[in-house]
Each structure stands twice: as structure tokens, then as C-alpha cells.
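There are two complexes below, and they share chain A, which is joined by chain B in the first and by chain C in the second.
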Partner chain A sequence: MSAPASGVSSYRRDMIGIVVLAAFVFCIGSLASGSYLKTMLIFSMIYGIAAIGLCLVFGYGGQISLCQGAMFGLGAYTCAALVQRWRVDHLLALGASIALPALVGWLVARPLGRLSSHYLAMATLALGLILSILFAQVRTITGGADPGVIDLASFAPFGMPLGTTSSMHWVCGVCLVVVMVLAVNLINTRIGRALRAIRSGEVPAACLGIDTSKYKVDVFAAASGLAGLGGGLYAFATRTFNSSAFEIGFSIDLLTMVLIGSVRSPWGAMAGALVITVLPAFLEHLDRFRLLSFGLLMTGVMVFMPDGLTSAAYAGARRLVKRAQ
Partner chain B sequence: MNQFLQILVSGLVLGAVYGMTALGFGIVYNATRVINFAHGEFVMMGGLITAVLATNFHHESWLAACEAVVVVATLGAILDRVIIQNARRREHLTLVMITISAASIFRGLMEAVVGRDVYFTATFPGATDLHVGEIYISGQAIWVVLTLAVISTSLYVLLHHTRLGKGMRAAASNERAARLYGIDPGWMSTVSYAIAGGIGAAAGAVIVPLASGYYQTGLYFGLKGFAAAILGGLGNPFGAIVGGMMIGVLENLASGYVSSGYKDSIALGLLLVLLLFRPSGLFNLAEAKRV
Partner chain C sequence: MTLQIDALSKRYGGLAAVDDVTLTARAGEVTAVIGPNGAGKTTLINLISGVVAADDGTVQLHGRDLSSCNATHRAMAGLTRSFQSPQLFEGMTVLQTVMVGAHNRARSGFIASMLRGPAVIREEAAIETAALQALETVGVPASIHQRPAHDLAYGLQRRVEIARTVAMDAKAILFDEPAAGLNDQEVDEIADLIQRLQRRGTIIVLVEHRMEMVMRLSQHIVVMNFGTKIAEGTPDEIQRNPAVIAAYLGTEETSDA
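Coming up: the complex of A and B.
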């Protein structure tokens, strides 16, 4: 059996993209010296991982999730609590910060899967809010809004010191590349096709023999796990954070990243994460006009480029090439 | 017992504001099938503009409230006319995301124009505080309830007894047929955004003396109003008000008897459970699938 030609070529394109991404991470890691630039990229990569998860559940599965930010927070607190209280090895703690959100996601996904469109949005919103309220209130574990988690040990799996900015860049870069490889392989196989079928119509998908509720549950759990991984890395990257970092606005930011980039591709989610992380820094000198300009820019993108920035850039580049020929 | 009644009364007052917010969600949803995530910002702007006009410019608070309603209704119409109707793709999700980013515009607008100060303002004149037995009802609470009554009555009259309201309902139920009868659905959608903006602003204006005006409170109002709208069944005005009251009372009971830190999580947890067992809201018999 041969796969349809377009599938093969898009898979090849994705693989080339991964090589380019790895090369980019490698070049920045070994050549760039500015720690500000690296810090920006570290956070872009961390948010990118969570955004890729959201892209899978939302862009491919068609399930809107507004609790991705809370799952990110759950990962961050899992990591911090394991390291600070039980002195667990850091790599193990990072693993747990994937496992616990994924488990929570798996548990809630089945009942939530009965809902659709704005009811699902409301339910995941409520779930995210409840989690973020718990982060602020269960102060014995999380430290709440003040003081929060302070001075987490810097990342050192098996005693290897990897806590500096440039080492964290390598750690996050490797994680991002691995996540991207997994995502690309997921969407170009049976699972990805099943998810796309569910997105375009649940009943027809079920008629084709796709176990829709199983796929919906699995992809939700996977997305929560990726958000948790982002959260664990975030905990090690900032080392000091409080519950205000994981409020509902953050879930909406993640959703914006996915939509600004492109709903239908993990590359778009990554690009969106970069834009949303870096853009506020550029707008910083606008002071009280910052939020207004941010809103105007975002709205402009949504109104004029409904497929997201990456698709618009791709289409624009193609048009230029055509004109040059 | 008195404590319980007191909690109940203040919960109902807060719930009236949530109910008015939910009405705005319903109006826009009925006309355009879009959840307007910028709606909470209408409530915030109504309150903030009222507070600024009353404290900095010494307008009478009722006048300030009226001005706020006009300004926010205009902004609502602009949101629809200038932004939403120019969207390159009129897909449901794109439109929802536009409203989410429009919320940043409104918040940023208030930050740029008014600043990051928290505004407090005096209660509206006219109504005096009441003491029924041991229960205290502030004069402002009477204003809140009166506003809710006036708004829901005039909304009912508008939708069922005027040409404009009938046109709005016609455009909502069948866009194409409405067009054939000479109704412009785009215009109806603008009107519905303006009405939602006006109602939201009124809700914000009457609650601002009991709370405070600040450019970041919109999200909070939006969430509670959205929850109330879902609870009552989206697009059902009676359900919106009852849903709002229920959320207000639940929230106050939770903060009175459990802990104020957990009040939102209890109200939202109950909402989550309700959603799972009655996904179409409490008062709608079944989810009407739109074909």
C-alpha cells in the first residue's frame, strides 16, 4: 500500500523542517553569546512545546481546550514540589511533570468529551480556573501568589550541572526537537488522519470505524502531558515563580499562539509561540499603549490572515517566487 | 438565619449584574451565533467610564452612567461594523478569536485613555439604605435591581413588539429569508452588538459603586456572565437572569460559609458538574442543533 503522494511530500517537508530547526538550535546554542536572546528563545521554546500540544488537540482533534495553561502550571508545580520537598532527581521530576498532567488530562477527558463547541470551551475554562484557584490557595504545596516557589535548585539531572542559560537553551532545544519529531510523526500516521477525520465530522469518522472517544481522550492526555513538560522546563528556567503565572490569561495566550501561527500545523504553533513571546518585549517602550497595540496587531492578523501568520508568509513567498519566474 | 438571608440578598444583587452580563452574551449569540469574548470588557468599560466621569469630571453619577452606556454601545457597534464584519473568513472559530483579541483592544484602550488607577465612586443618589429586620440592603442594590427590571422589560418589548426587534429575530432564525424580506442581517448584527454593549455598560455602571473601576476587571465579569449564560441555556433571556442569580448566590454562599479564596472554584465546580449532566443548560429541554 502506498500512501497518497501529498502525505509523503508533506512528511518529507516536515522532516526537512526538523533538520532546519535542529540546525537553528545548534547554531544559536554554539554561536550566540547574548544571554537576553537565549532567554527569549528558551521561553519561546517552552511555550512552543505547550502550544504544539494545544495544536494537536485543537487544530487536529478539533477540541477546544482552555485549560492548557493550567496543565502547564500543574507540570511546573509537580516539578518544583518533587525537587524541593522530596529531593527527587531532576530528570525524574521532569518526567513526573509530564506524567501527572497527562494523567489528569486522561481522567477528565472522557467526561469532557461528551461536550462540544462552546460548552466544551466553558467546561475546560472552568477546569482551568479551578486548577489556578487551587494553585493560589493550596499554599502549603504551591506557596500561592506570595511567595510562590522561590529559588528552585538549578537543573542538574544526575548531578550534571545544566542550569546556566546556555545549558538550558540546549535542554529546551532538545526537548522541542524531540516533541516536534513526535508531533510530525503523529500527524502523518493513522492517528493524525483519525484525528483530522474527527475534526471534520465526528459521526462520519465513527462510521469509518474510528473509535472517536478513545482518540479524543488520548490526544487530550497527550496535549496535557506536553503542557506539563513545558511547565516542568519553565520551573527550571525561571526557578522563581508564583501562581499568577498560570492564570486564565495564559491559557488564552497559548490559544492565541496556535491561532496566530496556524491552526493546522505544529510549525505554526511554534512560530506563534515565538511571536507572542518576543512581541511584548518589542512593544515595551510603548508603555501604556502596549496592550492596545498588541490587541490591534492580533486583531489585524485574525481579520486579514485567518489561516495564521505562517500560512500567510508561505502564500506570500509563493506569490513572490511566481512573480520572479 | 439572618446571616444566611444577608448572604442570599447580597448574592442576588451580585447575581443581577451577572444576569445582565449574560443577557448581552445571549443577544449577540442569538443574532450571530458567536460567543463574544469581549463582552466582559463592555461591563468593565461601563463601570470604569462611569467612575472616571463621576470622580474626575464631577458629573452626576446617573448622567455619567448614561454617557458610559452611549459610549460603550458605540464601541460595540464599531467592533461589529469595523472589525468583525471585515473578517476575511467568516468562520465561527475565527470570529470568536477576533472577539478575544478585541478584548485586548478594549482593555488597552482603557489603559491608554484612563490609566492604571483604581477608581471608586459614590453610590447613586435617590435610593436610601434599607434595614429589613436585621438584613441590610444598600441603596445601590435597589438601583441594581431596578436597572435589571427596566432592562429586561425593555428588551422584551424591543424583541417582541417593535419592527427592529422582529427584524433581529428574523435575521437570527433565517438569514436568507430575512434578506428576502428586506432585512439587512449585517445591520441587525451591529444593532445587537450595540445593545449588548449598552446593557453590559449599564450592568458595569450600577455595580461600580459597590466594587471598583479598573481596566482589568473585564475578564472576571466575562467569565461569570458566560457561565450564567451557559447555565441558563445560551440565548434564553429568562435563563440568563436566573443563571446569573444562581451563580451570584452560590458564590456568596461559598465565600460566606467556606472561604472567600475558594468561592469561584466552588461556583465553577458546580457549573462543571451541571454541564456534564445537563449540557444544554438548566432551562433548555434539549440542545437544538443548528443545521
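Coming up: the complex of A and C.
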């Protein structure tokens, strides 16, 4: 009798999830016509990509990062600057918006990796602040808070016009699916297990020959790169933005997405991004109670579903299936 | 084939936690380190495993100097340890926990793992095979491989922890009180297990308070008190050594004081 493989069952579940996600993106892309709905989903997917990165570094690597929003901004400005000033092809610009934040993340991660818990939180907070001040002040490149980046060319890699709302839905959808596949692959291999071991305890992990500092650097760089990809897509999706979009509050928003969805799973990060992006629109008619009700909802989730929405939904669904049997 | 510790020292302020300790642990033998509470045994394990940096002294495994290596690189060289309370990883099944031990049987890096090409899939299968073998070696039944490791009884958690070092294919294992918190039957089982590892040619250093286990398993005993080595020898020699008896029971003078 051979025991069921350890990673395999959860990996298979993740792969089914990927198929469902791809099918969802496909259905919305080809069937839905409302551009409001698609715009909502575009931003959910963009934030979802950055949140998946944060889930890897925080939920798996155990490193709290409060500069994910700033890395997102770095990606957005990299993309805008390359396209507007140097007329670089849009796909290459998008690639650079992954590469530059990943490189910056890689460079800062080694000194950051010596810190943990609230010290690490403060250091990443400081890094985020430094970057957002740079975004506001290096006006020759970023345009600062006013006017910022205006009228970025609509997304057209190799001259293919993909800038409409429904094309951008496809572009972001494909990116999200690819990112999800990469994330799910990673967490179901030895590196993913090593990251979880590091989060659980660095000393026992090191005593098993896991290079804790190297993996902490790698996952921080990967998370920064994903934030940058989100930022690059954001730049093409809004085409007009200024430095106020990437202030510290945005990093907190991304962290909230991960916490609400589920720290331990990229699916949770994606679901959290969807909720946090879409929910404010539903609360709009509450007018001045909007922020209050938003806060209450978030608190409620944290109190009653400490493992996040997706874990609670999964457990709930299993209970329902059991009761039905 | 030895683990050679030379003049290892660690001071915390004015306190010499480990002071100039020298010992040799040979493959195929169990070398026990005993001594009263606070004698510096756990600090010694921390120094040898590289978890705490030594002020002075050297650690050599099979003639290779590991003194300047951190815990990760010592483990990569085949020197690992267990902890007083089992350090299993949160949210992992038994099999996944042991698979972490086989981490360095594979080479593919971060990006390769994200792409999960055929090489990664092959490596993952090899890691799983190694983990299953290790679990079989330590006698963890297949029926609990998918259980969260944290949910297991204490004795089984110890076994899983030992399986993890077996999956590493460690050349030297430092056991820090493996019998702590176990009942008599579990102690016997862990002792059998350590003996089996010893017979496979693994270098074993055993810090333990349960004297019947120490006397049964070890060929070589080092006695520490106040951070220094006060005696060394076979179990018979140690049991008759007046300095050891004094350290454990106190001499007339100290008991009067």
C-alpha cells in the first residue's frame, strides 16, 4: 500500500483552483459586457497579484512587510517612465516593472533579514516611507503629487492595441493566473516547505541545513517583483495617477487583503483583494457610515474568522457537504 | 570518523557557561554528556550546533573545521541536533515535516521551483521517498503520515523529529534530553532508536538526565559541572569517580555549608 503523497493532495486541489480561476476569468472576459464590473475586476486582479506576493513573504516566510505598496508604486513609475520618456516597448516596460522592484527588494532584504517582528515592521515601514517621499519629490521622473503621471499611452505591446477595458481584463486575468500558478508551484515544493519552516522557527530550520537568510532574501525579492508587476499593470490600467496612490495607507490595504483572505494561502490573498476592492463600492450608499461599516466588517472577520475568509468558507463548505451526506 | 570539540568556551558576562571543554565523539559510539542542572550541557550543544557562537575553541567533523560556520552550514556538513522540546513546524503534516529534513537532497532554486519543471518534480519525488524511508526507520506508522505533526502524542513528536534528522542523512546528531517528558516505555523506545542510529555509524552526542538510559546506551561519558569538564570515561569508570559523585550528591563540606 502506498501512502498518498504529501504535497500531492493539496497541489491537486490548488490545480483545480487554477482551472476554476482561469474559467472564471474566461467567462467574465467573453460573456460580461459591463465595463464597470470589468474595471472593478481589473483592479481586484492587480491588487490580487501584489497581495499574493505579500502572502508569500508574510504568510509563508513569516516576514511582515509594510513596503509592498511602495514596491507597487516603484513598478508603476518604472513602467510609466520607460514608456513616456524612453518609448520602450510596453511589454519590456512591464518586465522592467517586475525587475527593478525585485532588485531593490533583493538589495534591501539582507539587512532587513536581520530583524524580526515589530523591528522588521518598522524597518519596512521606513523603507516604504522613503520610497513614497521619493515618489512625491523626484518630480522630474514621477511628476510628484501634482500633476503626477498623465495620459500614459494605452497598453499596446509590440503595437498590438490591448488598452480597452475588456482587453485589459484579459491581460490582467492572464497575469493573475500565471502568478497564481507560480505561487502554487512554489509553496508545494521544498522551497515552500523551507519558508514555512522558517516562519515556524528559524533555529530548527537552520539546524536542518535550510539557508534561512538566503530564502528570506529570495522571497522578499519575489514579493517585491510581484508588487512591481501589479504596479506596472496599474499604470496601464489607470494611465493617470500621482504619488498619493502609493502612500503607506496602500501598504496597509494590501496587508488587510492578506489578513482578511487568509495569511496561509495565495487564494486567500486573491479573495481578500477582491473583497477589499469591491466592498467600498457596495457601501457607497451608506455615505458617511461607509468607513465605519467597513471597519466593523473587517473587525468582525478578524474576530470570527481569524484564519481569514477563505479558510472559513472552505470549512463551511465542508460542513455543508458533510451534513448533506 | 569523529566529531572533535576542542577547548570550546562561552562566557555570558562574568559567568563561564562553557569553559574550555574538549571532547571527541566517535562514529558508532554514543557519547553522553551528563552533569547537574546548570552545568552548561545545553549551552555546549548550542555551541557545537552553531546556534550560539562560541567565544573560543573549534568544532571539527571528520577533520573538517566547522568553527566559522553558522548552524545552516554545519547542518549542511552533516552536523545536526534535536531540541529539548520537539521543534516541529506549525501547520505541517508528519510527512511534510520529515520532507523538510530532506531539503538538501535537492538543488533546484527559487525560480526553478516556481516553474516546476520535470527536474523539480523528480526531486520532489526523491525527497518524498527519503522522508518515507526515514519515517519507516524510526517506526512512525503510515496511518499517521498525513496528520498534523503538532497533534501527535509527545513520544511520537520526538520520533518525527528524529525521522527528520534521519531524512537529512546526518553524520552527527546531538540529542538534547530526548527522554524529557516521556514515560518509561517511550524512553525505552527512544533509546532503541538511538541505538539503531548508532549502529548505522552515526556519531551520537547525548545530553540526558535519565541515568539508566545514559548507562545503557553510552560507551563514553563526559561529566560537566559549572561549565567545565570534570570527568570522562566509560560508564563503569564514571560511576566510581569520586569527583562525579561529589558533583551529583555534594561532599561533606558543601552539604554542611
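Definition applied: the second predicted complex is superposed on the first by the 320 of 325 C-alpha atoms of A that agree within 3 Å, B and C clash if a C-alpha of one lies under 4 Å from a C-alpha of the other, contacts with A are read in each partner's own complex, and residues count from 1 in each chain.
Everything that follows uses one rule, which is that a contact is a pair of C-beta atoms (placed from the backbone, for glycine too) under 8 Å apart; a residue touches a chain by one contact, two chains touch by 3 or more.
Everything numeric here is computed off the predicted structure, so don't read it as measured data.
Touch criterion met: A:N185 reaches chain C, while chain B stays clear of it. In the superposed model, A:R264 lies in contact with chain C only, and not with chain B. In the superposition on chain A, A:A197 makes contact with chain C only, while chain B stays out of contact range. Contacts of A:F294 after superposition: chain B is touched, whereas chain C is not reached. In the superposition on chain A, contact is made by A:G209 with chain C only, not with chain B. Judged by the touch definition given at the top, the superposed model places A:D218 against chain C, while chain B stays out of reach. Residues common to the contacts of chain A with chain B and with chain C across the two structures: none. Taken together, the chain B residues at the contact with chain A in this complex read 35, 83, 86-89, 91-94, 97-98, 100-109, 111-112, 115-116, 219, 223, 226-227, 230, 234, 259, 261-262, 264-265, 268-269, 271-272, 275-276, 279.
Across the interface of their complex, chain B is touched by residues 64, 111-112, 114-115, 117-119, 121-123, 125-127, 129-130, 133-134, 136-137, 248-249, 252, 255-256, 259, 263, 288-296, 298-299, 302-306 of chain A. Contact residues on chain C toward chain A in their complex (touch as defined above): 49-51, 70-73, 75-76, 80-81, 83, 87-93, 95-96, 99-104, 106, 108-110, 113-116, 120, 123-124, 127-128, 131-132, 142, 145-146, 164-165, 168.
Interface residues of chain A facing chain C in the complex, by the touch rule stated above, are 1, 3-7, 182-183, 185-186, 188-194, 196-197, 199-201, 203-213, 215, 218-219, 222, 264.
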